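Okay, so subunit A shows up in both of these, paired with subunit B first and subunit C after.
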Partner chain A sequence: MIDGLLIGSVYGLAAMGLSLIWGVMDVINLTHGAVIALGMFAMYLLFTALHLNAYLLLLPIIAMGLIFGTLVYWTSVHWVIDRPQLSSLLSTFAVNMIIIGAGTAIWSTSPYNVNFSLPGFTVGLYTFTGNHIAAASAAVIIALALELYLHRTRPGKAIRAVADNREAAELMGISSTTVLALAFAIGIALAAASGALVSTLFPFTILSGGVYQLKSFVVTVLAGLGKPLGALLAGILLGLLEGAVTPFIAVSWIPLIEFGLFVIVLVAFPKGIFARSAA
Partner chain B sequence: MKRLALTALFVLALLLTSGFAQNINIGFTVSKTGALNVDSLEQYRGFELWRDQVNAAGGIKAGGKSYKVQFVGSYDDESNVKRVQQLYTRMILQDNADFLFSPYSSSLTATAAIVTEQYGKIMLTSGSAEGKTYTLGNHYLFQMFAPATEYLKGVLDMLKAKDPKATVAFVYEDASFSVAVVNPAKTYAQQVGFNVVFSEAYAPNTTDFSAIIDKVIAAKPTVLIGGGHYPDGSTLARQLYNHKVNLKMITLLVAPDSPQWSELGDAAAGVVVPSQWEPQTVFKVEFGPSGADFAKAYTAKYNVPPSYESAGGYACGLILQRAIEQAGSTDTAKVAAALNATDITTFYGRTKFATAPNEHGLQIGHSMVLAQWQKDKSGTLVKQVVWPLAGKSANLVYPIH
Partner chain C sequence: MSPQPSTGAQAAAGQAVPLSSRRASLPEVGRRGGILLHPVFWLTLVFAGLMIAVPLHGNNVALREDLILVAVAIILASNLNLMIGYTGYVNFGHIVFYGLGGYVGLYLATVRNWNLVLAALSAGVTVSLLALLFGVGILRLRGAYFALATIGVLVAVHSFVSNFDPWGRSTGMYVSFDAYAPLGGPMRALWITYILVIVVMALSMVLSLAIKKSKFGLGLFAIREDEDAAVVLGINARVFKAIIYSVSAFLPAVAGALMFYKNGMIDPSIAFEYMLSLEGIVMLMLGGQGTVVGAALGGGLYERLRSYLLTSSRLSNFHLVIAGGLLLLVVLFAPGGLIGWLYRLAPRAKKVIE
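Showing the complex of A and B:
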């Protein structure tokens, strides 16, 4: 259960990025998984080059994520944002394939490892690794920082305004283009950060982002679109669910349960399980 | 003028085809990407070293002719069964492969075997231990690895000698190879009197083993046996170590045989791997280089020591070479007959194929060893042979912590 709680917060962070972009821009960002994988490799490269505490390296990775996100926005999202949703879906999918193709060419699909570990603690027979605890704490801190940013700062409020009603926000003098670029960049930076955190827990390949992209979809649907903090909670819920059911069933059944839940929530709570409380 | 041009074209064609007749085309795919990448690359290096050495020595000599070995294909199968099916067909029909080597892994080989058998081509299989494929009545399939049923027998025999009261957990990849290895091992464990306290298969792309590890801890086994291939095996070992699971022995399939395993640091220490071949094993060689010469040439070329996948790849070439030489021809039927009659010891050990129709091509001459990663006096991780006792290079470290 505790393992589930810890890993769940990382799922949550990954999903926050997807949820933010989806909610604000109405774009389903299919580069999400590839960016998570890029975050993993950014951590690997920085860590092997600098040998600093892996969790300090999150800051430059978030900064790189913001820059990369802005770049992707201006090259491949901005031009299709007002077209039917399929356009942005295809456009982000293309970027996804470019990243994965380039990544496969550079790193092949061999597994990589960030060889960094923090001491954990042991309760009875069970040991909780320091990395899991640190990654979960980092995820929660980043999530809370984002929440504060969205509610307490001008650009953050602008993002929320555009998410609520883009036309009204523009009438109030908010430049929606800048805001959309910002939201996209933040979404990408969150994905990269979550990838970086995952890389301190498990070995990874350039294809590893796919699993977390799928989990992010489940989490986003659980939480409802455009509710970053809800996504964190839903992520933790998903982790807890995994932790709670695995002692009783074979691990191979987990995806079935998760995606079963995905369908049920889509049908029964189309606005997410946190819809009422957040409204 | 027209006639002259036609004659010139005809002569050119004749020259070209006679040039091709001096080559033996061998086709195979390599998993350059995908989950099997690490092990497949090692196997490929074995093929490649054999080709380079044979060609440098003047090629394969048969029936008074010398044939240069040429690889056709070496395409990337992406660790994907569908690609294997397309590419093996392509290598036979378009690239004119005379003989084939298998891709890496049991599942890819099973698919390739359907294609090669359909077109009546000989395929030597390496990196493929599952035995079921050989019970299907194939005529041209020859296995170099000791079959899956042999993999864990030695581990259980060794454990019986060391700790007869041990309890066993099986945690293994849900893939054709590991299932084919673990199922008979479970039965054998019970036969020799071990209590199997836990058994679970995991999906091949698993990266988070915490849930399974929690279950293992709850079942309190003395030893853990399982794994599958490199990515999952290395992850499982690392997480078992991080979670400080109290195990006296960990045996994992395939992954710990790779030289890359030592990169796991302390998590790598003590892990046992059933191996088709280790550089320390010494045989009275009847054909080809000695084990030491092979290892030396391999290390010089690739800057890493050979794994058993590399040795299996090289041995594939060696056995095919000998069969062609014995047959005195590259004719499929004659080479197949020579392979059926093969019973020879190379640096890789003994090779003999079953010839009964219900298990034709199954490897019945080769036997396995057990290797364990141990720290030497300077603290460097090295792989030592610990079983069979007659061929050991060090004693088994038990318990590992």
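Showing the complex of A and C:
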């Protein structure tokens, strides 16, 4: 259960990236899973090269995520943003295929792991693993930092303005193109960071991102679009749920349950379960 | 003011003209008495005839194996086109129909010892009904939400079948050699399944044409252009979408049953290969979504390209990269695909090639 809580916050972080891009740009970013996988491999490569504390390496990974996100925005998203949603769905999906294809060619689909562990501690009967605690705290810190950024800084406020009403924001003198590129880059960086965190907890392959992409979708619709803190909470909820059911059923059933949840939530609460407070 | 003599038919035609000239992307319906006279129908027959005759002449097994993959690609792309091209709903999990059809067909043909054609058709019907069931649920979702749900359907069915005992869980099922006996031994059985797959391919293309030329098809295109407007104009969008989702499941399921019977084995990771599902979308976009010939052309060309890349020593690892790059280029610069490009070069082609 407690593991579920801790892992859930990492799910939440992954979903925040998806939710931000979806909410601000109305683009469903299908490169999400691939970028999570890239984050895992970035962590692996940096860690094996530098042997620093894995959680310090998050900073360069976030920076690389920002650069990569800007690149993807200008090559494949910018041109289709005003076209029907189908176009951006397909173009981000094409980028996803390119990343997965290249990743498979370079690293094959065999599992890797980051060989780094922090000392854990024991409270009563329960032993906390250091990595789980550190990953969860990193996720929460990044989530809070994003929340502050969106509410307290000028570019953050511009992002929220564009999410609210793009045309009105343009009229107020906000360059929406820059803002969209920024939001996309932040979303990608968050995905990469969550991948990097996951890589310190479990072994992974280049295809692992897909699993977390599905979880991110579930979390995003649970929380409602463009609500970063809601995504964090919903992620923790999902982690708790997984922790609660795994003793009773086989792990291979989990995707079925998550998908069921996804459809039920979409049909029953199209605006997310936290929508009532906003409305 | 002298009233011009006009019959009811002319009046109806007069009403139809402004619509079709304004929305050039909507197909014309009911032109020149049915699809039997349509050039694409004859093109399909000739194409299918050649696909059967050429490898059969001289018992060319290598060519047959290449062509059967082309045929399957065309089947998948054509039926996917009914969703993406006609209705504007992206289905990322289209391969689910193919895989489930394979499972049901193989189960009926080998465990229950049914006749192959009967087993394949039953697989088609079963999967179509299942699709109707899924469809009623997930088609309440619009646009991108639906697309995400289709990924979910794929994942969910995959995880269900991997845990389903009668179908051998994750190890799958095998066809014993005896199962080919009713068709006169493995050699003949392979040729028979090949011909059946080509027939399914031809049926897929004819079905696409027939739907495009029907009022039902026009309704689908209306949903694609603007679902709310279509509903206001009296199209029952939910019923239309559920039907087309179910129809687009039928022939892929039949083809899946035939193909997995021919391959002699099935397991969840082969049957529900996510990548194949995605490549179906590349094929469709490449050829030209919304057109019968485009879907077939894209399917055939892409499958040949993929086979070439997979067998070449230098490029085999990068076939997904190339496919993704191709898709990106098409989406960004040529949303109409090859057929869209042809239409721009020769606008008259629109009259002949659908």
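The rule we apply is simple: the second predicted complex is superposed on the first by the 269 of 279 C-alpha atoms of A that agree within 3 Å, B and C clash if a C-alpha of one lies under 4 Å from a C-alpha of the other, contacts with A are read in each partner's own complex, and residues count from 1 in each chain.
Here is the rule we go by: a residue touches a chain if its C-beta (ideal position, glycine included) is under 8 Å from a C-beta of that chain, and two chains touch if they have at least 3 such contacts.
Since the structure is predicted, the reported quantities are computational estimates derived from the model, not experimental observations.
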Determine, under the contact definition given at the top, whether A:Ile133 touches first (subunit B), second (subunit C), both, or neither.
neither
So, A:Thr109: does it touch subunit B (first), subunit C (second), both, or neither?
first
Check the residue A:Phe204 against both partner chains and state whether it touches subunit B (first), subunit C (second), both, or neither.
first
After lining up the shared chain so the two structures overlap, which partner does A:Leu118 touch, if you call subunit B first and subunit C second: first, second, both or neither?
neither
For A:Leu45 in the superposed arrangement: first (subunit B), second (subunit C), both or neither?
neither
Contacts for A:Leu5 in the overlay, against subunit B (first) and subunit C (second): which applies, first, second, both or neither?
neither
Would you sort A:Ala250 into first (subunit B), second (subunit C), both or neither based on which partner it touches?
both
In the superposed arrangement, what residues of subunit A touch both subunit B and subunit C?
104, 250, 252, 254-255
The subunit B residues in contact with subunit A across the complex are 32-35, 37-38, 79, 174, 200-203, 205-208, 210-212, 214-215, 217-218, 220, 230-231, 234-235, 238-239, 242-244, 246, 263-265
In the complex, subunit A residues that touch subunit C
28, 76, 79-80, 83-87, 89-91, 93-102, 104-105, 210, 214, 217, 221, 250, 252-256, 258-260, 262-263, 266-267
Of all residues in subunit A, those that touch subunit B in their complex
3, 7, 104, 108-111, 113, 115, 117, 120, 122, 125-127, 129, 131, 201-205, 208, 211, 242-243, 246-247, 250-252, 254-255
Complex interface listing, subunit C residues touching subunit A
84, 88, 90, 137-138, 140-141, 143-145, 147-149, 151-153, 155-156, 158-160, 162-163, 274, 278, 281-282, 285, 317-325, 327-328, 331-332, 335
